[in-house]
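Which chain is which? They are A, B and C, in the order written, and residues in each are numbered from 1.
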Amino acid sequence: MKKNIKLFITLGLILMVGILSTACGEDKPTINVYNWGDYVDPDVIREFEEEFGVKVNYDTFATNEDMYVSIKKGGTSYDVVFPSDYMIERMIEEGLLEKLNKDNIPNLANIDERFLDLEFDPNNEYSVPYMWGTVGIVYNKNMVDDVVDSWDILWNEKYEGQILMLDSQRDSIGVALKKLGYSMNTRNLEELEEAKEELIKQKPLVYAYVGDEVKDLMVAEEAALAVVWSGEAIAIGRENDNVEFAIPKEGTNLWFDCMVIPKNAKNKELAEEFINFMNRPEIAARNTEYVGYSTANIKALEYLPDYIRNSSVAYPSDEELQNVEIFKDPKDFLSVYDEIWLEVKAQR
Amino acid sequence: MVSRALKRLYTFLMFLFIYAPIVVLIIFSFNNARTRGTWSGFTLKWYAELFRDKEVLTALYYTILVAILSAIISTIIGTIAAIGIYGMTKVRRKIILNLNYLPVLNPDIVTAVSLMTLFRFLRIEFGFITLLLSHITFCIPYVILSILPKLRQMNKHLAEAAMDLGATPFYALRKVIIPEIKPGIVTGALLAFTLSIDDFVISFFNKGPGVSNISITVYSMARRGINPVINALSALMFTGLIILLLIINSRSSKSIGERGDII
Amino acid sequence: MRMKWTSYPYILWMIIFIVVPLALILLYSFTVGEEGGITNLRFSLDNFRRFLDPKYLDVLWISINLALKSTLITMVLGYPLAMIIAKEKPKKRNVMILLLVIPMWMNFLLRTYAWLTLLGKNGFINYIITKLGFAPLNLIYNDRAVLLGMVYNFLPFMVLPIYSVLVKIDKSLIEAAEDLGANKFEVFSKVTFPLSIPGIITGITMVFMPAVSTFVISRLLGGGQYMLIGNLVEQQYLWVGDWHFGSAISIIMMAFILVTMAITAKFDNQKEGGGGLW
């Protein structure tokens, strides 16, 4: 019996501690932040907490779609969220976002002008850009002797079994569309059929459709060519200098992750403070150094080391960005993309 | 004896198979590089960073808390339920059991979405409680799954005999039935804990701001790449568990009875 | 002892947390209309009809195929292990079981990633193999790798139930058989194995089901080259936002699994089955 009593007491204590700790901590104002995994310097969050005397509840998500379901389902409230371009477009249309009071976000002026007033949020009424990048081809210069300047190379039979594609519907279909010279946002069914055929043709040459493991694989030299986001390319380059990055001449996808405030945010003003804080040049610089992706904050560049600032991977010239497109929300076309992807994947 | 050596070899190979990835994880927690593609030197920096990473530590806290709580609660409810179900007539029992096993049969995402829809329908705010409730829901069937066979293996006349000798039903429950099915209870609790600690989908859709678990934290790094801090965490967790196992093992050697199994 | 009232609290729980949510899923599957909402729903069999397209049936078939293979392999590998552990002394076998289970408490995604490092072209296994002078093996991004991943993930779930049944087999039955002149093989096939069938059935229950609906393993170790039914369901709910179609697919999966379990239960000699499933 004694042992049982001890057991019950321990369990009771655990229960109490558990319940108490979740109930307490209500004394400081809190802000709920919802971001991609590992996408901010943790010290920055701590600094914000200290400077403003608040508590930050920091949650993470893996994809825009996960985040969307989380927010849409209701019953939760986040104050600041970091969606991507097409998702912001969708959320604005569905009335899920609050308009920003720009008086509370003076540091909006630090954003690179090229990245303001974009199609998915004209006039930046709802969003402030955070990080941006492109999609391109990384290649191992010892394993690839051709010039890499076109998406064609990913269809080159010479590199059979050495090609990595992204396991993401839109990105891969987008690559095929660009290769054919069509828009990544096309709604033309014929063009999409062609893209599907291209992907099916390519499948035997593809080593794998991957996610973030692409970095490990390229660093370990298990493949010669891969489609990656520019931020990944930087990370790969740091660990293996045989790997280079190129943006194909047909053009590519330009993407943005921005900060927004959802409609049911409990603490809108604090949220705007947070957005403003994140856009202080030194703060933005620290975030971008930690994360390794390109910051949209132009004043932050002064705080970055030269080799990053001058990197054409991280900060390509306007010339290289000539044929870029931002993703638009496909809306009802999602099921079309889905069926195409299904057919591509189901090929044996 | 040849067959003894074969058995040893087989067991060794199986455990090697099970532990190979763990060893890899631990090795990479000391890797200076961020990716797993290359080894660039030995370092303890990820361990240092781990203790400063509030997000991961909070997630760890909730993971363990929810796992322990749901294991305990689901074991209690499951044990009581299993005893009750065992005493039912055949037809009713079949129906109840089949309903019970639905969370086991369903893909995670269906259970996740169905629970989420329920909570939304009832207008409950998502948070720690919804997370805990969903975990308990998917744990209980496994507890029942572990206990029922033991109930069946038990001699059903033992409890009757106890009551014939003057025991109240509750006393018979405590002193006769429960000790007989204890291995099943322990297996059930262990299963519940295991399933809860690594759950992603159900947790992701049924939690609230500020509440997270390790699985969600890890999966959300899918785009950027896993921060090796997680490897350090796993290595520490693993070492801790092994040490715990050794301690329990050495201390319980005296109190193991003749049949001596916990499972 | 007929203490069936003890199950009533749980029955209530089940109704709230299992039956009602599933009724909602059933509702979604038989309707079309606004995603995620309960208004504007129209009854329709379209979702099910849509699934009858060969490309979806193909996906179902591949998933089931893979799940069957992996369940079989897990059973073949897991049974001997369960037997070996069951024969050990109590203290040792408790340790062994815990050692078997502890790796399951490490994050699954991480462990699967670790396999990438082991199985890669330049991975650890190939490193050893090439050092020994052999040609490197193609161990990843194919069927083999996916099966390995699935067996790896599900092995403890097969071993535990079989072990827990084996351990409780009345030793005197075995002694009696031996006394009557049975050799080792006969003892196994006529006594041990039949008595362990409930455990096997439980094991199959706990492995086959998740195996059919898994998608992470095939994504990571199969190089995303597979479209399995788990992927399909996930895509419908998360990516496309078509909860109706997603629910229909889930219902179809469930129906299929229930049928399979009914068939498996026929193999059970005892009336009750491993865990009472059917």
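The criterion applied here is as follows: a residue touches a chain if its C-beta (ideal position, glycine included) is under 8 Å from a C-beta of that chain, and two chains touch if they have at least 3 such contacts.
This is a predicted model, so every value here is computed, not measured.
Student: Thinking of each chain as a vertex joined to the chains it touches, would you call that graph a line, ring, star, complete, or other?
Tutor: Topology of touching chains reads as complete, every chain touching all others.
Student: Any chance you could check whether A-B or A-C wins on number of contacting C-beta pairs?
Tutor: More contacting C-beta pairs are found at A-B.
Student: Measure off the straight-line distance from the CA centroid of chain B to the CA centroid of chain C, and report it in whole Å.
Tutor: The separation of the two C-alpha centroids amounts to 16 Å.
Student: Approximately how many whole Å separate the CA-defined centres of chain A and chain C?
Tutor: Roughly 33 Å, centre to centre.
Student: Give the residues of chain B that touch two or more other chains, as numbers and ranges in rising order.
Tutor: Residues 36, 218-219, 222, 226.
Student: At which residue positions does chain C touch at least two other chains?
Tutor: 113, 116-117, 237
Student: Could you list the positions in chain A whose residues touch two or more of the other chains?
Tutor: In chain A, residues 63, 66, 69, 73, 211, 216-217, 220-222 touch at least two other chains, as defined above.
Student: Can you check the complex and tell me which residues of chain B touch chain C?
Tutor: Against chain C, chain B makes touches at 7, 10-11, 14-15, 17-22, 24-25, 28, 36, 77-78, 80-85, 87-88, 93-94, 96-111, 113-115, 117-118, 121, 133-134, 137, 140, 142, 144-146, 148-150, 152-153, 156, 159-160, 163, 169, 172-173, 177, 183-184, 187, 190-191, 193-194, 197-198, 200, 214-215, 218-219, 222, 226, 230-231, 234, 237-238, 241-242, 245, 249, 252-253, 256, 259-263.
Student: Which positions of chain A touch chain C when the two form their complex?
Tutor: Residues of chain A touching chain C: 63, 65-66, 69, 72-73, 167, 169, 203, 206-211, 213, 216-217, 220-222, 334-335, 338, 341-343, 345-346.
Student: Could you list, by residue number, the parts of chain A that touch chain B in their complex?
Tutor: Those in contact with chain B are residues 11, 14-15, 18, 22, 30, 32, 34, 36-39, 42-43, 45-46, 57-63, 66, 69-70, 73-78, 211-212, 215-222, 231-232, 235-236, 238-240, 291.
Student: Looking at the complex, which residues from chain B come into contact with chain A?
Tutor: Chain B residues touching chain A: 33-38, 40, 52-55, 65, 68-69, 72, 116, 119-120, 123-128, 204-205, 208-212, 216-227.
Student: Okay, in this complex, where on chain C does chain B touch?
Tutor: 1-11, 13-14, 16-22, 24-25, 38, 77, 80-81, 84-85, 89-91, 93-118, 124, 152, 155-156, 160-161, 163-165, 167-168, 198-199, 202, 205-206, 209-210, 212-213, 230, 233-234, 237, 243, 246-247, 250, 253-254, 257-258, 261, 270, 272, 274-278
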